[in-house]
Every structure is written in structure tokens, then in C-alpha cells.
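You will see chain A twice below: alongside chain B first, and alongside chain C after that.
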Partner chain A sequence: MSNLLQRVSDWVTSTQVYKAIFRHGYEDTPRNRSLTTFSNVLYHLHPVKTRKESIRFRYTWCMGGATLLLFVVLTVTGLLLMFYYVPDTRRAYQDIKDIMNVVSFGSTFRNVHRLAAHGMVLTVWLHMTRVFLTGAYKPPREFNWVVGVILLTLTLVLSWTGYLLPWDQLAFWAVTVGTKMAGDTPLFGVEGPFGRQLGMRQDNDIKFMLLGGTEVGQNTLIRFYVLHCVVLPLVAVVFLVIHYWRVRKDGFSGPL
Partner chain B sequence: MNNGDKRITRKDFFSLVGWGGILSTLGGSVLGFYRFYFPNVLYESQKVFKIGKPEEFPEGLSEKWKKERQVWVARNKSGVYVMISICRHLGCTPNWFTDQQKFRCPCHGSIYDIMGNVLGGPAPRTLWRAAVKLDPVDGQIIVDFNNRQDPDPVSTENGLQVDEASREIEPFFLKV
Partner chain C sequence: MELVKGTAPATEKEPEDTIFSWPHLFYVELIAVLVVTAALLFLSLYVGAPLEEEVGRDTTPNPMKAPWYFLGLQELLVFFDPWIAGVTLPALIIIGLMLIPFLDTNPKGSGSYTFSERKLAVSVYAFGLGLWTALIVIGVWFRGLDWSWYWPWNDLHVHKPPIVGLKDLSVIFATKLGISEFLGNTLSYLLVLVYFAVGLIIPVFIFKRFYNRLGIIRYVTTMVLFLIMAGIPVKIALRLIFSIKYVMVTPWFKI
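Then we have the complex of A and B:
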């Protein structure tokens, strides 16, 4: 029996398909280890050289990695929720109630999505706090700090656009209050400095553009839905790629 | 080709045309994207609407249209004015307390009097008043929700105040 298993195993590992995927084998030589790392899309994101001290848990708190993990969790659970949620003001709230009470594991996925969203805001702040306290924002990593600030903003806007989707009283008034700030934009908002003098009205200023109307309604719901599910995640992925590529190029900061 | 010549060469000309084409395409697209986000038809509640005849509103404040149209109708000794039920702090809906003769906002505690002056709380300006006029046919009040009076208030000991006489002007006041 074990002879048969050995023969099957030998045959599988000798096929062209297997060798095309697992390219380097187990041979434990410095050259082979380097080759494995350099030719793997995930491993090669790590810097060429990493100091032992800088990958200690208490140096990074793993907060950047935790943020990425939560982003992946949010993408997966968010996709699941999209199968049952329709961004229509007449049924959005009912869909959320269905997800919570009728759909199998619906409440689990929605709660994970919600908790992970709160968690991601937290881990982004902790990650940036760690980077600040260890001085990892200094040259040559200044550009990556800038990318990080963009990612922070995207995280907060993602969180805020998701807030409207349940279409309950909390969502409606939170977004009514939140979008009022847009009306206070200088020049482009009806209530901002010089807005009125430049001909801004309730129905042509920048807040009107954001809401797709003079009040939070169907146009606002579909706008926030598209931003939340498509536009912002795609933009975030682009900046995440740049973020990791910079980490690889700049190397980890840390004690010498 | 005559190199010493300062005339526009064939290469310069096509470079100019090429870049001009690219830039005007990009510029036009940006303008198109921008304009696209401003809807031309709104499926909202009407922003110009009738609320009934002035005689239907006795002196004091009426909350009759608050839920449906987001406005209060107020009448004083000289006429009628319509205030918009949106708190000037962050846009919640204040409540009217008849016993105190005050509006109080449930969100962050802004307080207004019946004229819309700020008596307390974080509100930075006085309540909006909407433009009003009488329909010449049926005598009802027509409210224009998006045409709003928003005078600069003066800071006093009693809060942010606006001179009432300066406010009672057309089209924001109906003399009755």
C-alpha cells in the first residue's frame, strides 16, 4: 500500500504541471532559498534583507499585516452581503433585516463585516502610531508615509460610505450631518466662504454633487453604494500595491 | 527642410496638433465627468409647494407641515413667515416646545426662539426662512424651499440675534 502511494507521489511530482507550479523543490541551499523567495509573488514583497530586530512582534505590533487581513476579510464578507442587499430606498432596510434574520449565516457575515470595519480603522491608527513613534516615516520612507495617509483617508471614507447602506434612522441622520460639511466647502459650497457670492445654491453646489440631490435620497444611496463597493476598494488596492512595493524597496526600519 | 528658418516646421505642427488633441480630449472628458454628477431631474419631494391660506395659521407657531415639508409656519402681529426645520449646526430637526416657546435640537442642544434667533447651543447662524408669496388665483401661500434668507447675526448676551425689522421683507415675509 505504501509502495503504491510512493509510486503515485513520484508520478505526480514528476509531471510537467507539478514542476511548472513548484519550481524549486526542497533543496536547502542558500541559492535555492533565494530563488524560492525571488520568484514567488508573495514572498518577494518582503525586502531583500530584513533585520531580525525589526520583525519582532513588539516592534511592529503586526498592525500593518492586521490591517491587510481585515481588508481581505471585509472584501470577502462584503461580496457575500452584496448577493442579498439591493441599494433601493424602498427595500434596503428590509434587505438588511433579511440578512440579519432570514439568510443562513447572514447575521454572522454582516457582524463580521461591521466589526472588521471598526477594527480596520483602529488598526490603521495603531499602525500609523507605531510608524510615528519608531520614526519609520523619515527618509527614505517619506513617500510611503504619504501613501499611508491616502490609505487612512480611504479607510475612513469607506467606513463612512458603508454607514449609509442599512438605510435606518442612524444611517440617514449620520450622513445628513456628515454631508452638511460638504456644503461648507469654500467657494464650492452654498454655506462656505464666498460660496453664495459665486452663485452657489442648494441645487448646484458641491454638496448637491455628492448627494445627487438637495437631500439624502435614492441618488445618495446608489452613489454611496457604488463608491463603497467598487470605486474606493479599487483605489485602495492600487495604493496598497504601491505601499507594499515601497516597503520592499525601502526596507524595514528598525534598530541596528 | 530649412533649419535656419523660424517658421513652424511640419514636425512642430503635428506635435502641436497631437498634444492639442490629447489635452482637449482629456479636458472635455473631465468636464463631462464633472457635469455627469449633477442630476437634471430630481425625484425628491417638491421644493416649491403650497401650504394653505394665511388665515389658516393663527398667531404663534404651526408644526402642521414639519413632517411632510420640513417647514414651520409662524405668524406674528404683522404677518406670516416660514422657517425651515433644519438645525443650523449639523442639520438635525429641532423640536418646538410650546410651554417654553423655544426650539430645541435633540442632537447637540441648540436652542432657538420663535423668530429663529439662537438662544444657546452650538448653532452658528439663525434658522433659515424660506421665500413665500401668495398664489393670485386661490390665495394660498407658495413656499420656495431652496430660496432661503440667511442674514449675518449679531452676537449679544442673549445669543445670536438678527434685527426682526430687517428680516420682514419681501420675498421672505407676507404682510397680512
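Then we have the complex of A and C:
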């Protein structure tokens, strides 16, 4: 029996399919041991070796990693919610009710999505404070701090665009207040300083662009939905990639 | 990185500095992932996502509160016009944060927690963070109907009398000093100018080494951003103590 298993395993590991997936041999040789390390995607994302000090909890507080994890959790739960939610003002609210009361585990996913969103704002904030306090933005890492601030801004805008989607009183009025301020933008808003002088009107200023109208309505809902579910997450992923790439290239800031 | 003869992969790094990511780093990450996921699931059982009545334009909630992380900005709306509180200040916060690495020329304190080597930087950051946190705390727990101030022991269903008698600084100057409105206005402009001029010039002489290390461009940028940040509690104090509505009134905007 074990002989048969051995032959099956020998055959499997010698097929082209196996070798295409695992690009190193099966025998325990020094070369294969090296290759398992160097051809592994995990070691593309991580360094093979890490500075001893940089994995201490009291240095990193794990906040950058926690932020990434929450981003992943938000993506997964968000995708699940997208199966049930339609950004139509006539049914959006009822869809949320269905998610909360009818869909299996729907309320869990929505609760986790919301908690993770609030949590992500908090962890980004703590991560930034940690990086500041350890002087980790000093040369050569200045630009990565700038990328981090962009990611902080994206986190806040992502959270805010998601706020409108349930289409309840809380969502509607919070976004009404928020977008009203866009109309007060200097130069580009009709109510802002120098706005009227530059030809801004109710129907052509930055608030109009954001809302797709003069008040929060169907156009606003679809704009916020697309921004929240597609545009902003993609932009965030691009900056995340740069952020992590630079951590690898500049080296971790931990004590020498 | 290259493959070398021997029984183990090695990099050019000093051996005592580094450890293998597997298992040491991956274990830490796995534990962190499990703890955060468990906390999320556990909390989601007790903290439900709110869902209020469906949108209705005839009923407006009072008070209308933004999510907690924006309440600092909403609180600033009490003291500043929306173009400052809602647009200009957030933009300046983001730009200011981005500029930090280019304004902080102190080479010390990279890679460890230290206060003694970067007293100024840490103090300024703590001041900003403290201000931001205080505004959020006020917005979350001390504001009720009509965005009035409510102590925890006040009845949240009873309206508070609106604040009246707020005056512009220029009007106060004009009435108190018996001068024309134009002169009062000019005086208020001068006062704002003096705030920035004194704030920019005095430290040059007191902290010569600080000024020399930064150079004129870095110094002016740093100080203007700092003076704007410090100006926020100053304006709040002027409102609360002297009932001043605007410190500066122009035909186009008011501060």
C-alpha cells in the first residue's frame, strides 16, 4: 500500500502540471530548499529574513498590518453585500433591511463591514502616530509618509462615501451636511469666497459635480456607490502597493 | 540575492541582525490576524450597524451628526465659516501632514521612541493630535439639540437658549474706542497681521539655531502652518471669552 502511494506521489510530482505549479524539485536538497524560499510568492510579499527588532509588538503596535487586514475584511464583506444591494433610491433602503433581516448572516456581514470601517480609521490614525513617534518618516522614507497621508485621506473618503448607501435618515443628512460644505469651497463653490466672481453657479460648481444635481438624490447615490465600490478601492490598492514596495526597498525603520 | 554553495540560503546581511520570516514573522502576523478577526466578530454580535428611518425630506434629525471622525470638523463649524472649517482647514491638515518629513530636518530619533531628542516635533504633533481628539470628544459627547453644549447630566430633549450677542472684533473696536467703523476694521486687519508677524519674527531671534537649521523657506512654511493651527484654539477662546464672532471681515470672506 505504501509502495503504491509512493509510486503515485512520485508520478504526481514528476508531471508537467506539478512542475508548472511548484517550480522546484521534491527531493530534500540544499538547492530545492533555497528554491522553495525564493520561488514562493509569500517571500515576494515578505522579505525572506526580517530584522529582529521590527517584529516587536511594542515597536509597531501591529497597526499597519491591522489596517491592511481590515481593508481585506472590508473588501470581502463589501463584495458579499454587493450581491444584495442595488443603488436605486426606490429599493436601496429595503435591500439593507433584507440584508439585516432575511439574508443568512447578512446582519453579521453588515455589522462587520461597518465595524471594520470605523476600526480602519482608528488603526490608520494609530499607525500614523506610531510612525511619527519613531521618526520613521525621516530620510530616506519621506515619500512613503506622503503616500501614507494619501492613504489616510482615501480611508476617510471611502468611509464617507459608504455612509450614504443605506439611504436612511442618518446617511442622507450626514451627506447633505458634508456636501453642503463643498459648495463653500473657495474659488470652486458657489457659496465660497470668490466663487461667484469666478462664474460659479448652483448648477456648475464642485458641489453640483459631487452630487450630480443640486441636492442628494439618485445621481448622488450612484456616484457614491461607484466611488465607494470601484474607484476608491482601486486607487487605494495602487497606493497600498507603492506603500508596501517602499517599505521593502527603504528597509524597515526599526532600531539598528 | 544569489544562490550559494552550502546547506542553507544566506543573504549578504549580517547574520545576527535578522531572523527568518518563516516562522517568526508569520506567527506574529497569524496571531494578529486571529485576534483582530475574533474581535471584529465578537464586537459585531453586540454593536449592530444602525439603520434609521428611510430618507424623508420633511423630517430633519436634530442634532445632525457626521460620523465621529468628522466631528472635529463639524465642531469647528461653530467657530468658523464653512469654507474654513469644512474645506480650507482639512486641506491644510492634509498638506501639513504631507510636508512633515520635508520640514523636520532633525536627523535624530529615527527608528526608536524618543522624546528628549525631538522635543519640538513630538510636542507639536501631540498638540495637534490633542486638539483634534478634544474636538471629536466634544462633538460626540457634549453636543445636543441645535448643536448646543450639553453636559452629560443635562436633559437632551430640552432646547437650550441660543447664543446671542456675538460681535465682530471690528465692531467692538469701533464702539469701545469710539472710532469709525473703517478704522475699527483696519485695526482688526492689523491685529491679524501682527499675530502672524510676531509669530514669524520673534522665534528667529529667540531660537537662532532652529531658524538657521531650517533655512528661510522651511522656517516660514513651518511657522505659518503652526500659527494657523495655534490660531484655532485662539479663535475659539476669543469666541468663548469675549463673544467675538469674526476677527476679520472682508467683503469676500470672514474669518
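Just so we're on the same page, the second predicted complex is superposed on the first by the 228 of 256 C-alpha atoms of A that agree within 3 Å, B and C clash if a C-alpha of one lies under 4 Å from a C-alpha of the other, contacts with A are read in each partner's own complex, and residues count from 1 in each chain.
Here is the rule we use: a residue touches a chain if its C-beta (ideal position, glycine included) is under 8 Å from a C-beta of that chain, and two chains touch if they have at least 3 such contacts.
Values in this document were obtained by computation on a predicted structure and should not be read as measured data.
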First (chain B), second (chain C), both or neither touched by A:Met209: first
First (chain B), second (chain C), both or neither touched by A:Thr134: second
Partner chain(s) touched by A:Lys180 [first = chain B, second = chain C, both, neither]: both
Partner chain(s) touched by A:Phe194 [first = chain B, second = chain C, both, neither]: second
Chain B versus chain C as contact partner of A:Gln218, first or second or both or neither: first
First, second, both or neither for A:Gly106, with chain B first and chain C second: neither
Comparing the two partners chain B and chain C, which touches a greater set of residues in chain A: C
Residues of chain A that lie at the interface with chain B and also at the interface with chain C: 173, 176-177, 180
Footprint of chain A on chain C - complex, ascending: 1, 3, 6-9, 11, 13, 17-22, 24-26, 28-29, 32-33, 36-37, 40-41, 43-45, 47-56, 59-61, 64-70, 74, 81-83, 85-88, 94, 97-98, 100-102, 104, 107-114, 118, 121-122, 125, 129, 252-253
Complex contact set, residues of chain B against chain A: 37-39, 42-45, 47, 90-92, 107, 146, 148, 150
Chain A residues within the chain C interface of the complex: 30-31, 33-34, 37-38, 42-43, 46-52, 55, 57, 62, 65-66, 69-70, 73, 89, 93, 96-97, 100, 107-108, 110-116, 118-119, 121, 128-129, 132-139, 141-143, 145-146, 149-150, 152-153, 156, 159-160, 163, 166-174, 176-178, 180-182, 184-186, 189, 191-194, 197, 253-256
Partner chain B, residues of chain A touching it in the complex: 173, 176-177, 180, 196, 201-204, 208-209, 212-215, 217-219
